[in-house]
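What follows is subunit A paired twice: with subunit B in the first complex and subunit C in the second.
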Partner chain A sequence: MNDRVGPTVSRPYDHHDSRVAASGDRITEPPLDFIGWLRWFWRQLTSMRTALLLLLLLAMAAVPGSLVPQRTADPNGVTQYFADNPDLASALDKVQAFDVYSSVWFSAIYLLLFVSLIGCVIPRTRHHLRALRAKPPKTPARLGRLAGFTTRDAPAGTDAAAAIDSARSLLRFGGYRVALFESGSEVSISAERGFLRESGNLLFHLALIGILIVGGFGSGFGFSGQRVLVEGQTFVNTLLAYDSFKPGRFFDEERLDPYTLALDSFDVEYETLNLKAYGQPVDYTAGVTVAVQGKTARTDEVKVNAPLRVAGTDVFLLGNGYAPTITVRDPKGNIAFTDSVPFLPQDANLTSLGVVKVPDGLAQQLGLTGFFYPTQAKAQSGAYFSSFPDLEYPMLTLNVYAGGLGLDAGVPASVYALNTDKMTQLTGGDTGTKSLELKPGQTQELPNGLGTVTFENADSGATDGDFSGSVLRFASFDVNNDPAQGWVLLFSVLALLGLLTSLFVPRRRIWVKAIRRENGSVCLEYAGLARGDDPALEAAVFTLAKRHNAVLAPTPPSTQTTEPI
Partner chain B sequence: MNLNELSILSLYSAMGVYAFSFIAFSIDLARRSSAVDAAQCQAPLVAESHRSTAAGAGGGTTTLTRISARIAYDAATPYSHSASLRVGVSLIVLAWALHLAATVLRGIAANRVPWANMYEFAMMGTLLIVAVFLIVLTRADLRFLGTFVTGLVLILLGVAVLRFYVEVAPLPPALQSVWLVIHVFVASLGTGFFALGFALSTVQLVQFRQESLLTDAMEVRLRFLATLPSAATLENLAYRVNIIGFILWTFTLMAGSIWAERAWGRYWGWDTKEVWTFIIWVVYAGYIHARATRGWRGSRSAWLAIVGFAAVLFNFGVVNVFFKGLHSYSGL
Partner chain C sequence: MFALALVLAFAVSGCVSDSLAAQYREGSGKNYIAGDGTVTEITAENRAAPVDFSGTLESGETATSADYRGRVLVVNFWYAGCAPCRAEAPDLQAMWKKYENLGVGFLGVNIRDRTDTARSFSETFGITYPSAIDADNGALQLAFSGVIAPNAVPTTLIVDKKGRVSARILGRISDASILDALIKTALEESDQ
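Here is the complex of A and B:
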């Protein structure tokens, strides 16, 4: 069918709707000269079959990244994987299995896909722009084999040209572009609609290219940093103030706007009414004060799912926990260390693990590792655990290590881990000395007369037995800046709009032909052709035929008076 | 009895009625086979007429009109009504009403949208699968899929009740977002369309095999197939349904990214759940391309639709429960 009517859409040669080339077989073999070979290669790369193959490859290549932990999404998982299966892990690492989505092979697939896409879309766009200005194609000689073919006898006395004229108005009204053709005893109208379909399809594919470019390169200008703040602490948005910082490839430090952000309070609400969900957090609110340079400070809130947008960055609330305030004094009572130390939550009831390092001020360097239980309870085995995440009956247990902390080795050490290689354990474990146990406000002697350690009560004015404010909380924030994401959103919306138009706007041609018979009567023929999936085509042809006949034979029929002179 | 218990009771009743509906639809399939036998006695040349129908459908000259009009059956053996078919439809509507009540009651009991953990996803997702089926029934006569739909829904609800059940709990802060409402709902609706598309593509494959057997004048076992539309018609229907699913899925992907940006500070991070949502999207994009690629129309593209829906089920049933990631909301 297409051969006769001629496609007006440039499609890859193996599109089901495109003409089967007369020399169809020749093109599947590469010619020998270089240019010819290049052309053959390009044609293969931009074919539908290649696009399909690459799409399916892309889907398959994405699978392993969900089976094996990924460095970007789950770095701890990767470390764990290496610890659990060292041999398998190093083999997997060789094929970039822990960095699937930035691996050579994954990138190769999607880059090829996008080269294919560009190679396919550019000629189609050019063709489409030309087709927008072209006239609908000539009416085929025989309509009989086309979709919805219908014939009607025009009411007696109808003039062929006038009949076609009224068909033309009907089609124009229906949004068709029309062209008139005349040959011998036949007058016909060729109508076409639905260019939006191809426009939508092109918009969709172009927007995909847009998303890849903007998302891939644009995010390189941004950064993402993490910072833990204890209630009462302030953070200045400078490179040094971050606990960890990941700049994009093209990141420029000048772009950091040194605003300050203070965590005034951190409030958590726990479920206490519904016993089936007792202790489940229902709300986290970080009350903050933000001061952008040159402006007055303002108070605001950061919540999960409700980031704070400030000075081009977005501040997200990602985690929280307790930060017991711990003071260590030497035997004379001079303070060697005092700080609120964030303890990392280990379970839903916030049993938390933390480390204190006291490098100076005592006879020996001192390391403390300990557990904090917001509501301490004792298991049958004698082990402690936390039975509720809020501060009902807080308890801090500490193990003491003395010796070299290894801080001056020049190796960056995590504040959350204690390297005990060069240290002697003084309490807990096999030492025979009980671990130190402290409630807020209590002080205990360190072993070997090293000094004392105090678990400060943050709410000094609290009545006896009320611990609700005794320990400060910390919040961990992510500060992000991605200048490209607005663009990614824009292209995504364009892609969706393109998709909707391309899948739902029918593209079709309709022909109406009036044939003058020898005896003066006129026979009308109607037929259509779908360009792409168009389940409504035949109904459209039938409706047109019906409407047209209604126009030609107005009721009541009065052939004499309507006869044009 | 509190509202949640009432919801559970309603869900169990719905499952009971779905089971009876399944039986009624199965009896109908059996009736279809005997109707075909009867027709064959009268007209020994069914195979011949069938072949021509199938060929006609491929050429696009069938009377396949708007989906909103009832699809004209181009079945070899016309078959329209049986009492069991009507009973099956009435029962599935009744079961759906109970199912809806169960879902709404659960939402009222929890004082939030009833789709925040696996049990609730399963309940709401299956509700939408049946809803999509019932809506499509008003536009095209796909009642022959009744056994499939009720069977699938029964299995999924059975797993939900036995394995995924959790007590009503408030939303954790990470899920308190309008995007939960939008993203999860649209994903479930998309799943409803994909489920129907999967069914149609499966029947299309079987029908295609049957048509090839008939052209080769071979013995056919699943005789009721002769009362169903031709493979070509089924393919067109499957395509219509699947592209609606695809659009909804595209929206799911985008809404999910917007939510991820608001909650975690990045719109895309290759989290396991994001990976599988992407894989499903790409597979269905492949399906749409396959339909437009010479040599891939018909059975090959149907296989892609089937792989796509298998990935949807995998994403729901396996990734949520067994894979580690940020989306740990199964509630288990």
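Here is the complex of A and C:
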């Protein structure tokens, strides 16, 4: 339809008619000097094709990040990976596979994309601003070649200038920018609309840059910290109290607002009616008490995907499990150690693995490793397993190690692992002594007369056989602060709005021409030009012609010719 | 634009590394934030408001800030399973012995353990100054959080005679003489 005048793909939508390049007989390629090459490189980088390619590359480069654990997200997973595949891990580490999102190659793509976007958006913005100020172009001499060409005879006695004037107000009312042209016997109006399309397009790109900036920088001011709390324990929002803490790049320790968060209760609901999903957790609820310094305490809840908002932080519920309360006494009956020790769940039925370190109060330091089964069952092989995640028939088995725990030299050690290099195993394994087996409330002698170990019943008033409250639960929380959150939302909304605008606002030109005939009558011509896809253009031209004629003559004219093209 | 790209390059590639981030990336599972022995001293005019606190001791008695007003107080945040806390315990006890009769108060704040576990620790190391058990309500941790907060385990704070935090050691006390000097400085300050 408009094959001659239609915009080429690489041009911006609002590319206004530029001067025709001076014609040359043949294309000459000038030899490129250093600056020339730089310019060539810049052009390549800021081209749309490169931007798309970089975007695709970025997506592909992010894939390894989900295949191997990342230090920024799961440092323990990385440690484990090194232990499981030492050779592969060190090779992967050399190509920064454990730090994908901050690796040299990922950063390179990210930065190039960033520069490419900026390099693309700035000239387009300049161009758009110029186009916004420019007058609609001169009316073409022969409208007959254009889309939706329509001619009508104006009602008798119509003045050409007045007809164009009424067309102008119609078009203006329709949101067009208009310009009047007059040459000889012709008066015409040139109208253009749809600049919002490119504005939306630019807004979309600028918002994308905004997201990149606040994503890259904004999150640097935030932090996330993790802490495991057993029912009854309190956490204070200071570095002192965190188990692990991930600071943003620009994190300042003074940014932690002090508050306390106490885990009062942790409730889990399990599916017991639907046999196909028997034992599946239905709901987790952490009942907490929060007290911000200087304010009264309030009780609240934290659920999965329903974080608690307090003092600028979001407290997420990450995991949970059982924390059996274990008491170790010396031979005289004095308590050497008592605590509720979080055991890490190993399967869906919460078979849990834990380590208890008893550094003081006994003749030797003691390490206990053990399994906790909330509902203990026995496989045919004789091995224990848990058959249900709730406390139906709880059982704790412990292997006892004696010797140096390796804590006294001041070297930190994992609380979830026992280094047995300097310890002797006393029960379980090859020792010939059976592992200690305890039900809530039971006490057993430790080997070698070291003392006793008790699996305390947390619900001491419970009737026989009711274990439902016998073991405390723990919850692990992630305290998260991301000051960029609101900005990311804002820019995302802007990007979406920009995209919608750029998709749905049509950009078109319409011309109305009044030609004075020698006999005094006036002939009206209408035509339009689509800029980009505009299936409704012809209809728009016809509608304009109809409405214009209705304005000029309240009764429909008797003769009319319409030439659809 | 180049400057922006450069800044971004630093930000994205994470060239800015610090010990806090390094500890996280290590993934050792040690379950506390360690300090490197950094000492912070605050001049008298820059100190924050006096800290008011109240906590329950191992013995069941209550310790409050009023008990220590007019005296220099050393507050040590610790727990039994923390390796550097165990390593510095003898130094703290030695300083307590040295300054006990000079009116200096020592107060441990146990942030993770139950009373009996804390008591066994004190027996192992012959600690004779009291410790408050803070795991269940966090009262003392909250009281001391703020500008010069205990940001590592262990942390040792020196509280001046007016009850204001005057110095902080983050992490294990690398040398008893450092603590000695800090206490001496606090003692020499006039009461006004």
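The working rule: the second predicted complex is superposed on the first by the 454 of 565 C-alpha atoms of A that agree within 3 Å, B and C clash if a C-alpha of one lies under 4 Å from a C-alpha of the other, contacts with A are read in each partner's own complex, and residues count from 1 in each chain.
What we mean here is this: a residue touches a chain if its C-beta (ideal position, glycine included) is under 8 Å from a C-beta of that chain, and two chains touch if they have at least 3 such contacts.
What you are looking at is a predicted structure, and each value in this text was computed from that prediction instead of being measured.
By the document's definition of touching, of the two partners only subunit C reaches A:293; subunit B does not.
Once the two complexes are laid over each other on the shared chain, residue contacts for A:77 go to subunit B and to subunit C alike.
In the superposition on chain A, A:232 makes contact with subunit C only, while subunit B stays out of contact range. In the superposition on chain A, A:361 contacts subunit C only, with no contact to subunit B. By the touch criterion defined above, A:215 lies against subunit B but remains apart from subunit C after alignment on the C-alpha atoms of chain A. In the superposition on chain A, contact is made by A:253 with subunit C only, not with subunit B. In the superposition on chain A, contact of A:415 is made with subunit C only, not with subunit B. Residues 72, 74, 77 of subunit A lie in contact with subunit B in one complex and with subunit C in the other. On the subunit C side of its complex with subunit A, the touching residues are 1, 5, 8-9, 11-14, 16, 18, 20-21, 23-34, 77, 80-84, 86-88, 111, 113-114, 116-117, 119-121, 123-124, 135-138, 141-142, 145-147, 149-153, 155, 172. Interface residues of subunit A facing subunit B in the complex, by the touch rule stated above, are 14-17, 48-49, 51-52, 55-56, 58-59, 62-63, 65-66, 69-70, 72-74, 77, 100-101, 145, 147, 215, 224, 271, 274, 276-277, 280-284, 303-307, 314, 316, 318, 478, 480, 482, 485, 488-489, 492-493, 495-496, 499-500, 503, 530, 533, 535-536, 538-539. In the complex of the two chains, the subunit B residues touching subunit A come out as 60-61, 63-67, 69, 167-174, 176-177, 179, 236, 239-240, 243, 246-247, 250-251, 254, 257-258, 261-272, 275-276, 278-279, 282-283, 285-286, 289-297, 304, 319, 323-326.
Residue ranges of subunit A in contact with subunit C, taken from their complex: 71-72, 74-79, 99, 102-104, 106-107, 110-111, 114-115, 118, 216-217, 220, 228, 232-247, 249, 251, 253-254, 256, 258-260, 262, 291, 293, 327, 335-339, 357, 359-361, 407-417.
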